[in-house]
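Letters A, B and C name the chains as they come in the text, with residue numbers starting at 1 for each one.
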Amino acid sequence: MNILYFIDIVGTMVFAISGALAGRDKKLDLFGIAAVGFITAIGGGTVRDVLLGSTPVGWMNDLIYLIMIGSGVIISMFFNRAVLKLRRTFFMFDTVGIAVFTVLGLQKALTLGVHPAIAIMMGMVSAVFGGVIRDIVCNEIPLIFRQEIYALTCIAGGIVYVSLDSFGIGQVLNVAITSVFIVLFRVLAVKYQWKLPDFS
Amino acid sequence: MNILYFIDIVGTMVFAISGALAGRDKKLDLFGIAAVGFITAIGGGTVRDVLLGSTPVGWMNDLIYLIMIGSGVIISMFFNRAVLKLRRTFFMFDTVGIAVFTVLGLQKALTLGVHPAIAIMMGMVSAVFGGVIRDIVCNEIPLIFRQEIYALTCIAGGIVYVSLDSFGIGQVLNVAITSVFIVLFRVLAVKYQWKLPDFS
Amino acid sequence: MNILYFIDIVGTMVFAISGALAGRDKKLDLFGIAAVGFITAIGGGTVRDVLLGSTPVGWMNDLIYLIMIGSGVIISMFFNRAVLKLRRTFFMFDTVGIAVFTVLGLQKALTLGVHPAIAIMMGMVSAVFGGVIRDIVCNEIPLIFRQEIYALTCIAGGIVYVSLDSFGIGQVLNVAITSVFIVLFRVLAVKYQWKLPDFS
């Protein structure tokens, strides 16, 4: 499915940019920026593959991932504060990226034979764990643990996918529906500031 | 051995509660609390399985773990400060939990054919690494690196198990003796404030 | 190749000392110091092996690593502030250590059949990731992300190795040339304070 592959590698680049910008905020040097960009881009898929035992992990089998990450890091060098204000485009890329990461991660887990509930978790891990590791490396409490409905969006998307799959809907259509669902869910969540209840 | 399985899943729930409470202390949202509870409960066994190459990691093969963790997170919602003072019951659950986690982790490692010294380490890792990851995620230096004899208790228990095993003692009896040893050791260590020398 | 094995285990001890000293700086107890020493010594190789799927991870197959790490931790107990000023010897051990770790990690990755570009990364990961995990555990932003040309030295060395290998140079000679290159590069980088440009 070429469209998914295309979004996957563009999503990888967007995640690398997000990581590299976090590295710049922390005043890291060029290697540190590249490293945080790299970890952010491949962290989620790597954790999924390691937990499932699918090794060597995915990005090692196709150099395009390294190339996209390198490009993302270079692009992040040319961002300046003015450009950073134009977050809207970036947000859309990021949102489409997590939709595709979720679906691809979920499919990979199902292929490896785990229970659908575990596969839904692995879809979510694929999409969000790069950001979790980015925040740990940057010495922050992971952002998604505090204020974003980010991870829940991926879980909801995973439930949609597995449910439609159990009704016998074809894979291509299911991928399309689930991706659109995740994108819409996230856009609405941010627009209307959906929040989880606070029990602290 | 049904009793071990029972304690294992109850221990998993207790660890999830401990993680969820740490997440509440850090003012995380509901997802963050659940995530920290989850990571605390499965972190040790996951690290052990990944290092030993036993994948998909253990909790993926039995949904009861997810269910117990979910229950633990929900239970932690109803804790309030008053209840938190009643730490004694909680402490006993936790102590029995690490005893069982140590023994089960050790046995799994031995089954996979590593040297007994490595198996002892893996027993300890099974019991304590969930807490280590919990502290890293919550942006703290891991507690067990600073003031508890926690990890050493697990190592001592592992040495007892491997020694008795080499004398040909049956597995059931050995598990019972080792578990009682770990529980007693920890209770005494806390009661008499055993401490490691401080070289800092 | 016995000389490589010898440097590998001495390097392991040097890394354990470096980790244990970091643990002392953080006022950890004896277990914490040993744990940080251990993680620093085996972290890089462990991450490499887990990503490549070469499990049980390397240090589990040869108890000499545990013994060297234990020795390193004990040695670090006898360091005092005066001794710490004599960093030059320590620096040379560390530098030879990363050279050997890089070459051994790179070779292992090539043996497992990944692309040379990935193998170069894995050589670098073998050499530097123990220090990255040490810093994360000690609640610091990893040092190599901020001010050292450390990781780039390993990548440069990896490129040298893979290039010479593609010209058909024998393995023994290649190991020798690459190791000397890495050591020289690092000594010069520190002496002349080579730095990466700062984009923050």
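Please note the rule applied: contacts are C-beta pairs under 8 Å (C-beta built on N, C-alpha and C of every residue); 3 or more make two chains touch, one makes a residue touch a chain.
Values in this document were obtained by computation on a predicted structure and should not be read as measured data.
Peer 1: Figure out the least number of contact steps between chain A and chain C, where 1 means they touch directly.
Peer 2: Each step joins two touching chains, and the minimum needed here is 1.
Peer 1: Could you work out how far chain B has to rotate to sit on chain C, using CA atoms and steps of 5 degrees?
Peer 2: 120
Peer 1: Can you compute the centre-to-centre distance for chain A and chain B, using the mean CA position of each chain? Integer Å is fine.
Peer 2: Each chain reduced to its C-alpha mean, chain A and chain B end up 30 Å apart.
Peer 1: Two or more other chains touching the same residue: where does that happen in chain A?
Peer 2: Where chain A meets two or more other chains at a single residue, that happens at 50, 53, 136, 139.
Peer 1: Which stretch or stretches of chain A touch chain B in the complex?
Peer 2: For chain A paired with chain B, touching residues are 50-53, 112, 114-115, 117-118, 132, 136, 139-142, 144-147, 149, 151-152, 195-200.
Peer 1: Where on chain B does chain A make contact in their complex?
Peer 2: Residues 23-33, 35-36, 46, 50, 53, 55-57, 60, 63, 66, 77, 136-139 of chain B touch chain A in their complex.
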